[in-house]
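Each in C-alpha cells, the structures are laid out below.
Next come two complexes, and both contain chain A; in the first it sits with chain B, in the second with chain C.
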Partner chain A sequence: MANKKSTQRPTADIPAAPDFQSADSTTPSVPAPAASTPSVPASDVDYGMLDSLRTGQANVTEAMQKFVQKLGDYLSSALDDATSLEVRTYVSEDINGVTYEKGQFSGNARLRAMTRVNIDGDSLVCVPETDGEVDTAVWQIHMDMVRQAHESRAELMKTIVSAASSLTNLFTPKA
Partner chain B sequence: MSEELVFNGIDATTGNYLVPPVDSDVMAAAITGETHNAEEDAALKRWWQAYADTNSQKQEHFVAKEGTNYKDLASAGWGVIFPYNIDPAIVKALQPLLDWRKSQAGKLYKEYSGPEGYRFKPGEMYESKDEWLTRHGAGPGPVDPEVVPYYVLLVGDPEQIPYRFQTQLDVQYAVGRIYFDKPEDYWNYANSVVNAEKKNISLGKKAAFFGVANSDDAATNLSANQLIKPLSDSVSKDQSSWEIVATIGEGATKAGLKNVLGGDDTPALLFTASHGMGFPNGNEHQLLDQGALLCQDWPGPKNWHNPIGKDFYFAADDLADDANVFGLVAFFFACYGAGTPKMDEFSKQAFKQRAEIAPKNFIARLPQRMLSHPKGGALAAVGHVERAWGYSFSWGKAGTQLTVFQSALKRLFDGYPIGYAFEYFNGRYAELSADLSSTLEEIEFGKQVAPADLAGMWTANNDARNYVVLGDPFAKLMA
Partner chain C sequence: MPATFELSLPDSEPLGLIGPWEAASQKPVAFDAMSAVETSDAPVWRVNLPADETDAYRALNDAEAKVIAAESALQEVPARLESFANRQPKGETVSFDVASFGVGEDSPEASMLDVLNQARTIEQGQAVSYGIGEVANEAWEQAKVQLEAFLGQLQKEVLNFAWVETNLENQLLARTAVGWSGDSNTVWFDQASVEQLNVHRRALHVAVKSRALRMQMFTTVTGGAAKLSLLLTTPAGAVLALPAAWKYVNEILQQVKTYQTLTQGG
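So, the complex of A and B:
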C-alpha cells in the first residue's frame, strides 16, 4: 500500500443558478416512429440467390400434394373394399356365351356358390347342390378361390398399412 | 446437482431477505416455465408465494470502429438523448455541460431532442434500442461515431426512457443517464463535471473499498470475501502508486461509510458491496430509500427480526449539505443501488405475467443526491437496477471470477472514461445472453440441462445486464 497522503479535497465552484423558467412540458402528441422499415425486413432479403430454388421448391411441393391426395383417395377406396370379402363361383356349359358386366358374370353363366366374409368375421355361405346333394366338385373349386381371396386380402391390408405409414412420415417433423 | 441460491437484498420493513433462498431446481423450473413433477410444482409455488408475500403483503471489448480513440471525444463522439418532450428548462440547466462537450467533440457532438429525441407514449409505446438507432442510420455492430456518437448521455426518468433501452444500447455504446427532480440539480451536475474537467482537479490517488459482512448472512460474507477483499488486494498490487484502503466487516458501519462518502476520507474512487434496501410496493419509504446501503450495523438475519431502521443504512438524506463528494466516482454493488424497475421480471417465465414491485420505474435517491450535490457533485456512480446477484463474481465450480471487475477498474485507473471502462460488464452480458438464448433453444429441442446450470446462466445474465452508469459516460477518475 502506498503511503497515506493528506490531500485537501477540492470543492466545486458552481455559479448561482439562473432563473429556470420551466417551460410547459405538457406532452405533445407522440410522433409515431417513422415508417422507415420496408414491408419486408432487410434482413430477410437474400438478394435473389435463392429465388429459383424457391420456385422449384414450390413446384415440387404442389406436385407432392397432388400425389399424396391421389394416393390417399386410392387407399381410402381400397380400405373400403377390404372390409369385406365376397367370392362367387359360376358354372357354364358354353363359355363363349358368358359375359362380364358390372362385376358379375351373365349370359350363359350360372351362379353355383357364393361366400361373403365381413371384416368382423361374419360369414355368409351359399352351397351348391345337385339333386339334393352338395356338388362337391364345384364346392372344392369355390373353397380354393375363397382361400386365395383371403390371402390376397391379407397382402392388400399390408400394403395399405405400409402406404399409410409412408404418408404419415411425409408430414412428421424430423428431430 | 441441486444447490441453494441466496440473493442479495434486504427488506427494510421486516428485516428479512427480499427474495427467499431457493433451490436451484426450483429456480430452473421458474426459468423454463416448466415443472417436471408434482413435488417440484409444489416447491415452486411455495417459493413463489414466499417471494410474493415478501413483495406484496407488507407492501478489450471492441465496441467502436477500428481506430477510435476512447479518450478523445473528437474521435469517439459524444451525444445526448433527451425525451422528445424534454422541458426546455432542463436543457438550459445542462447548457454548461453541453457546451463543454461540444467544444471537445466538435463535429461528432450530437443533440437528440424533439423529433430526433427518444419517442414514447407513457404506458403504451417505447422505442426499442434498434428502432431508435435505425431512425438515426445505425444498425447492429461496431459504433461509427460519425453516425451516432460512442458516448451517449440519456437525460430522463426511466419512466420516459426505459432501463431496457439503456442496457441494450449500452452493449455497443458507452451510455450513462442522469435524471433529477429540479433544473437546479441539473445545473449543479453540469457545472460539477465542467469544473472538475476544466480545472483538472486532483482528488489524490486514493481508492476506498468498503465491504459489509453481516453476521450469519451468506450474501454479504460472500461479497466481502470473494469480491471486496480479493479485488482490493489485486488493485493494491496492480496500482502501486495508489493508496488503497479496504474496510471489511467490523469497520464497515454507517459511520464508516459516511467518512468515505462525503466525509474527510472521501476518495477518488469508492467501491462498496452490501445489501441494498428494499421496500414493499408502494411503501412510503420506497421511492426515497430503496437501494440505500445496509451497513455493518445490522446484526444479521439471526439476531434481528424487526423492521430495519435508518440507523442501519446509508440513504440519500444521510449525505448532508456540507458533505464533499465533488469529483467522486462510485461503484455500489447492492440490490437497487442504481434504481428499481416497476415490473419484476423474475416471475415472467413461470407465471406468464410480471409482478409489480414498485409504483413506477425510478432511480435510486442516493446516487441522484451524490451527482447533484450543491457543493459539487460526484461525476458518476455505477450500480445495479433490480436485484444484484453473486454470479457477478462467483461462477459455480469455476470459483471466484474477478476479471470483469479488475479489468474495468484497471481502465479507470488508466484514465479511461467510465463508459468505456465498464464495457467489460456489457461484453459479459452479451456473452451470457448469447449462451442463454442458445441453451433455451436447445432445450426446446430436447436437450437436458442441469437445473443449477440453467439457473446460474439466467441469474448471471440478468445481473450482468442491469449494471448501469448514472452520470456522464465520459466522466473519469480525477486523481
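So, the complex of A and C:
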C-alpha cells in the first residue's frame, strides 16, 4: 500500500450567503455612527405592512443561510462517504420484528450478502449460499441493488454540482 | 386495493411532493416496532401495491412515468422563465400584471407575478395602500412560509438516511434504509418471490429518484430566483424573488401531477 497513489476526491465549493439583511450589500461600507437611526424618506415611513414584509425577507434569508450552511456540511460529508459504496442484503421471516441500530439491521434479520466498492475499484463481496450452493435469487437481486446504488451515487454527484452552481448564481450580485 | 405512494416526514407534512407521492395520512401500525430505534428523524417513503403482480407492475409503471414527467417539467423551468423574463415590458413604471407580460390569468406565471409584485413593493420600500393589504401581502408571505418549511424538510432529509418500504396488500415485503450517498441496507421477507423482490427494487428506485428530484427542485427554485431578480433592482432581489420562484415551480409540478392523474385515470 505504500506506493499507492493518493486518490483525489471531487470538491464542491458552496458560496457563503451574503448578508442581504443589511440595507445594501454592494454599497461600499462606511463607518456607521453608533446606535444611529438611518434617515428614512417620508415615503418609507413604517406602515406596519412593510415591517412585516421586511421581516419576511429577513426570515427567508436566514432560512437560506442556514440551509446553505447545512448543505455545505452535508456535501463535505457526502464527498467523504463517496469514497466507498456499501450495500447489504438481509432476509427475515418477520420484518416488523427487525430493528435497526448503528447502520445495521439486527434482531431476527439474517445478513445474506454484502458488497463494498472503494473509489479505487477495490471490492469486498460476501456471496450468499444455501447448503453450500450460491443462492442465485438473493445474489441476483443484491447485484441489481448494487447497480442501482451506483446509479444513485452518480445522480447524487450531479445534484451536488448543480446545487452548488445554483447557489453561486443566487448569491452573485448582478452586474 | 389502489396503489399508494406516501411520504411521511417527522413532525411535518411534506411540501413539494413530486410525481406519485402524497403526504402520508397517518403513522402506520407496522412501523411502531421501529419507532424506538433510529427512525425518529428519518423520512419514510412507503409504497402500497396490489398483491396482483400485473396490477403492481402497472402501478409502478405509472409512478415511474410521473417521476419522469416531473423531472422533465423541472428541466423546462429555466427556459420557461427565460422566455417570461424576456417579455418584460420596458420602462420605469413596469407593472407586474398578466396583461403587461402577456400571460394567461390562470397560469403559473400569473401567480408568480402576484408574488413578484409584493417582492417589488418590499424592494422599493413603497407603502402601498391596498385597502386589502393583507390579501396583497398574502401571496408573498404564504410562499415564503412554505419555502422556509420546505428548506427545513430538505435539510432533515439531507442529514438523514431514508426508509423505503414496499407493502403488497398490507403485507410488508421489504424495507430499505438508504443514505444520500447510495449506501443501503435492505431486509426482505424471506418468502418473497423473485418478482416481488423486483417490485421493491423498482419502488426503491422511484423513491430515491424522487428524493433527488426534491433537491433538484431546490436547485430549480434558486436558479429561477436568480433569473427573476433581473426584474427587480436591488442586490437582494434574488432573495426577494425566492418565494415567487418557489410558487411558480410548485404550480408547474402540480399541473403536471393533475394532468397525469387524469390521463392515467388514477
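A few notes on this one:
Rule of thumb we're sticking to: the second predicted complex is superposed on the first by the 91 of 175 C-alpha atoms of A that agree within 3 Å, B and C clash if a C-alpha of one lies under 4 Å from a C-alpha of the other, contacts with A are read in each partner's own complex, and residues count from 1 in each chain.
One rule holds in what follows: contacts are C-beta pairs under 8 Å (C-beta built on N, C-alpha and C of every residue); 3 or more make two chains touch, one makes a residue touch a chain.
Every value quoted in this text rests on a predicted model; they were computed, and no experiment measured them.
By the touch criterion defined above, A:Val134 reaches neither chain B nor chain C. Counting the residues of chain A touched by each of chain B and chain C gives the higher count for C. In the superposition on chain A, contact is made by A:Thr89 with chain C only, not with chain B. In the overlay built on the shared chain, the residue A:Leu124 is in contact with neither chain B nor chain C.
Within chain A, the residues touching chain B in one complex and chain C in the other are 18, 20, 25.
Residues 18, 20, 24-26, 41, 43-45, 47, 49-50, 52-54, 56-57, 59-61, 63-64, 66-67, 70-71, 74, 78, 81-82, 85-93, 95-101, 103-105, 109-110, 137-138, 140-141, 144-145, 148-150, 152-153, 155-156, 159, 162-163, 166-167, 169-174 of chain A touch chain C in their complex. Here chain A touches chain B in the complex through residues 1-5, 7, 9-15, 17-18, 20-23, 25, 27-28, 30-34, 36-37, 175, going by the rule given at the top. Touching chain A in their complex are the following residues of chain B: 84-89, 92-93, 115, 119-122, 125, 127, 131, 134-135, 183-184, 187-188, 191-192, 195-196, 199, 201-206, 236, 240-244, 266, 324, 326-327, 374-377, 445-446.
On the side of chain C, the complex with chain A involves touching residues 30, 33-34, 37-39, 118, 121-122, 125-128, 133, 137, 140-141, 144, 147-148, 151-152, 154-155, 158-159, 172, 174-175, 177-191, 194, 197-198, 201, 204-205, 208-209, 212, 215-216, 218-220, 222-223, 225-226, 229-230, 234-240, 242-243.
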